[in-house]
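The first chain written gets the first letter, and so on, giving A, B, C, D and E; residue counts start at 1 in each chain.
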């Protein structure tokens, strides 16, 4: 299985461990990821606030590059583009919708791409790694490779907003379960909790910190309350907000107790028996010390 | 803008009395404005649609023909719409042989409650046929008057 | 009460085209269908911090209260979680309306000055425009310089830790710009700019 | 008493209609005895000048077969129209365009290109095409010019009667001649054949099932045809129900489906569209895919339904590319 | 009417209606009049404010008499609106009514066209078509067919009950068919009715017993209509009576069998109690069930599933009413009219997952709470939580599955009022703090606003805002262990979190899931949402597009009990008008075959779904029985030789109409 891979800016810095663990896990599972060459920023939510057409043009350039590098044509009618960052995933998907539905915006963007000898013909399939693992690869294939099952580990699966909203493409909008099923396949125990898709604060944690902190604090508190040993995320910004800000969180909410926050790929890697360093676990602010596979 | 008036297509519609004609009435009652290019001929059932009506309309100057009937299974006469569907399939294939674009002859199932669909379908079809331009059928020689008329004139 | 303010709104002070304009930017949104049920506000995780709830922003936009809507903190506090959009019983894409209001606010220079979210958006887009990619460290530095330089000191510990853990580098992420070759992002920018003019 | 003068002429046709006259067998002797054939280029040596020499209306009846495609044909039929009291469009080509009329599915340019350039056996490096006029030392030579489209006779000149068929059945010819001699011709404009479908005189009529429904249309070469049962009921594309009778259902009697040569009934405006309607209506299929599969036995609907009547049809010709 | 006048050359009169300003504002009437004057055979053209008014009709009648007109064209509204009016006017002036033709320049032109010039041009084209067509119109007569006197009522809720009783009281023989084992419908489940708070059972059960005992009513419960054939006045209906495994005529409803069942306790979901209690395989749906007859559920009965039961029930029955060999049976009915009163279903609350129905045990639907507050319900009228405790705080969420593009767009019309009723009953019985979360409070009805006023004064809390979610995520100590409703209090403009013990979801009313099949069965139409479509929303609210079939109650759209009963009465009036007249006039637009032209090809015979065409072997041609022909014209289109034609829709008439509509500049 070969897929094009769109890391996005965060996976090259704050979300480095996400990339490290994803690539390590994919290598172990035999899932080929080829990084899209010359990719640019997806546009993210911030660009959308400035100029929508340009934001979608940014996304469209990546989609066009994917078609070109994915050699879309007869025999290869579509190409999968894997975007691990929830924001990138949504922005790229949203751009696809816009290009399809809106002739006016689509026309402008097509013309601009043409100036750079690029074109996008609607043949890229956006995939989040959760989708890739559960639907393309299949949980059975993963289960078969688990060497250190997460027996006894209680996991709060946190999906965040943008992989289920506004488009519910591969999971339920209200009660997403792909990550829970994945954790079960890895031998762990997902906890049922009500805040799976509640916002972590997004970029507010960096801008209007007290607002963002409270939102993250409540998520962690509820996860703990439901007995979770660890919280899993599927987005670099969620992980950053929930993990790196636990010190200021403690300062603001004295009853806060630290909770390790991992990328789901990191936990997958542990269950597959990969070394901690390959999974970027040393980069955590709140260390995850719980032994697995015992 | 050029001085010559833009092409406005003429479309003849055959609507069944029970579903689509009623839906068109409903579109009226609901004041749903749509393109004025369509002229509706009422038939009791889309099953009454004789392909002769379609070719006649095209010959007489229609740039498109719209056929509206009840949804499959909803025919007031049980299955007149299905009977027509069979003719429609063969007719479409034949019209293609005459070089007549697929979009010019259209079949839509529109129920009595779908006034909005009447509006949408008509607007859509008028736009499509407008893009296609006039249906330039090869001029058919007018049949000469019967000898009887000739003699009468003489 | 410190001060008594008079809050009548004259029709002359409203912008009758505002709703259509915003609906246009948000691509065909049917603001007029809003029944003011408040589901958006109820579903919004940030609404307790907003000066107007999302529902009121929709009402104000619809009524042409342009200045109030554009200078609200609400639009900048929207975290783009799309909960309102998914929940709206009238299927109004409220998140997109918020984006439209943000775009309009920046264009009209009506956003709250030094309000970090608006500044972030501008700095972010400037960086992406120049380099094609975003470098989080540099973005944060610019953000604090523009909003609250003193707060940067408070954040420096976090920054240092990130740096030490290898989660933030000094390197600027960038792609080649202005090569004029196939796929050049600069060529795309230029084409879009020309189209804008 | 002078015998009435009669003429025969052919335009775009195969010659079968001329054969049909001879098919009267010994009855033709009665015809010859009763009339004076003054013009019949196919059978006897007459010249155009002979016709031109006649007084207007001198010919009592002129039988013209074939469609009109060339300038010469048009000149001749106009001339004959002037000279003849009664013009009878003789055969399917004259009546409604016939087989030559199928040329309206293609253009004049394409036909010429095909004949003078494209066929494999043609060597024409200089792209030499026939010219309407050419100068030779002896003077100017002329050739007839091909019209853009094929016309039925009635679309070229006023026609008094139509004698349909490809070729017209002997009985209809005999009846027509008898009516002419007896002065019992019907109202001008009439078709000289019964106004009822072929099934009416088909020996297979009684084998029709009460409900005529077919799930799959088939072509004659695909099935072993039951020699007694209704052909349509067997799924064969038989146009008997659509077509005027008078032929004694000759094709079904020969175990082949009717192809519609006697043309439309009086009350039908467009033979092909009506025939299409009748045929598709008996298909017993509901869903789109089943309909298409059932109709696969009609690979060329336009050719099937307008085999003899394209110029007389509402659509007349294919749209130019 | 003189023969000579009608056979003479056509003399057409054209009348263009202004319809007040409905047409005149969008169509240049004068231009249409001038255009019509240029059309062949047109003798006179007039315009008038309201052609359908008496003076309007007199206008054309006078012209028929004075100008010798023999063809009439009125350009006005849809023929479905006023064709009958003008036909009668034509007939009254001595001209056969089918010498009349209508051009629809209101619904199809003035109401749907933006540009006046284009609307005028379109009107001209339609007038041209009508004129060309009317010239070919022929005189026709309506055919009279007798009407069968009996009436079928489908659905045994309050609408069906009221309709059946009223018809029976008028002396008609009525068959009432109900799908459930008992009549009573939703109303039988309610405790009180708004706004009077009178007991539902007290007003319903007497009517139910009257149905049972009325000599003119045949009640078929646990039965479904499976086939409808025929036409107005002459329907043949097939009803499937499902096997109860209990002989109705023998059972006296003593419940001895239920007592004797091998199951000592109820084990199976009691649907009448909305699943809040359990029943045995043999059961009485509820104490006042009508007929008062038990039935055996084949899905749970051991004998019926395995044949290995002690059959204590059968032994206990002294009247030998239990019969395990019983099978479904088909009953055929001959009726003249049918009233459909099949009611509604409530919205499935699991479709809105954020309200937690099915996930949190103490989230209830309003119908469940109806059973909870009902004295004969599973808790004997006690409002209890699942653990048996009494709620102290209750939230009632309005508009669940209503006014929502993702579920149902419509307002269900009764939820505000029943929510107020439930708020009152819960408050009254438990003294709980009750919160109503509503979008808009809709109380238009006699005594309704007064009821709202009463509730306000009772101290029930009202929060204007659509609840965003019900969650067990708690933030403050007071929320611990409770369900929290999050919503914006839109009148204050802040988001509130309301901790409650019980959530009541005021579910909306929907068309039955199988409404589509039912309407196909009866050959009527329904709206996109599945509500049966009335012939005209204002002027024919209980008629359908199929003559002889009427609709009543919530199957037509959400409505409360008073409106339902009123509509049932209206449907009865329509049915009586039909049945008592004794005959119907059929449209003469039947198909016919000219036998000289028919070759006997058989194509038409299979086209007819009504078996109106048969082959006459002696003559060798097909023949159409006009009494069976319903005038679809499918055979006409199919007829390969043009021998089949349709009155009012001959090929030539339609060709003329086609040429007419294309005749404009």
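Here is the rule we use: contacts are C-beta pairs under 8 Å (C-beta built on N, C-alpha and C of every residue); 3 or more make two chains touch, one makes a residue touch a chain.
Not measured: the values here are computed from a predicted model.
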item: Intersection of contact partners for subunit D and subunit E; value: B
Touching chain sets, computed without subunit E: A, C | B, D
item: Chain located farthest away, centre of subunit C as origin (C-alpha); value: D
item: Pair sharing more residue contacts (C-beta pairs) when A-C is set against B-E; value: A-C
item: Per Cα centroids, the chain farthest from subunit E; value: D
item: Averaged-CA centre spacing for the pair subunit D and subunit A, given as whole angstrom; value: 74
item: Euclidean distance of C-alpha centroids - subunit B vs subunit C, Å; value: 50
item: Centroid distance [mean C-alpha coordinates] between subunit E and subunit A, Å; value: 50
item: Touching two or more other chains - residues of subunit E; value: 354, 607, 634, 637-638, 651, 655
item: Interface hub residues of subunit A, defined as touching at least two other chains; value: none
item: Chain pairs that touch, as defined at the top of this document; value: A-C, A-E, B-D, B-E, C-E, D-E
item: Contact footprint of subunit A on subunit C as seen in their complex; value: 25, 27, 45-46, 49, 77, 79-83, 85-86, 93, 95, 99-100, 102-103, 106, 116-118, 120-122, 124-125, 128, 132-137, 140, 143, 158, 161-162, 165-169, 173, 175-176, 182-185, 187-192, 195
item: Of all residues in subunit B, those that touch subunit D in their complex; value: 50-52, 54-56, 58-59, 72, 82-83, 85-87, 89-91, 93-94, 97-100, 135-148, 150-151
item: Residue numbers on subunit E that touch subunit B, as the complex places them; value: 78-81, 104, 106-109, 111-115, 118-119, 121-122, 125-126, 129, 520, 523, 525-528, 533, 545-546, 589, 607, 609-610, 630-634, 636-638, 646, 649, 651, 654-655, 657-659, 661-662
item: Subunit E to subunit D touching residues, read off their complex; value: 596-603, 605-607, 615, 620, 634, 637-643, 651, 655
item: Subunit A to subunit E touching residues, read off their complex; value: 172, 174-175, 193-195, 218, 222
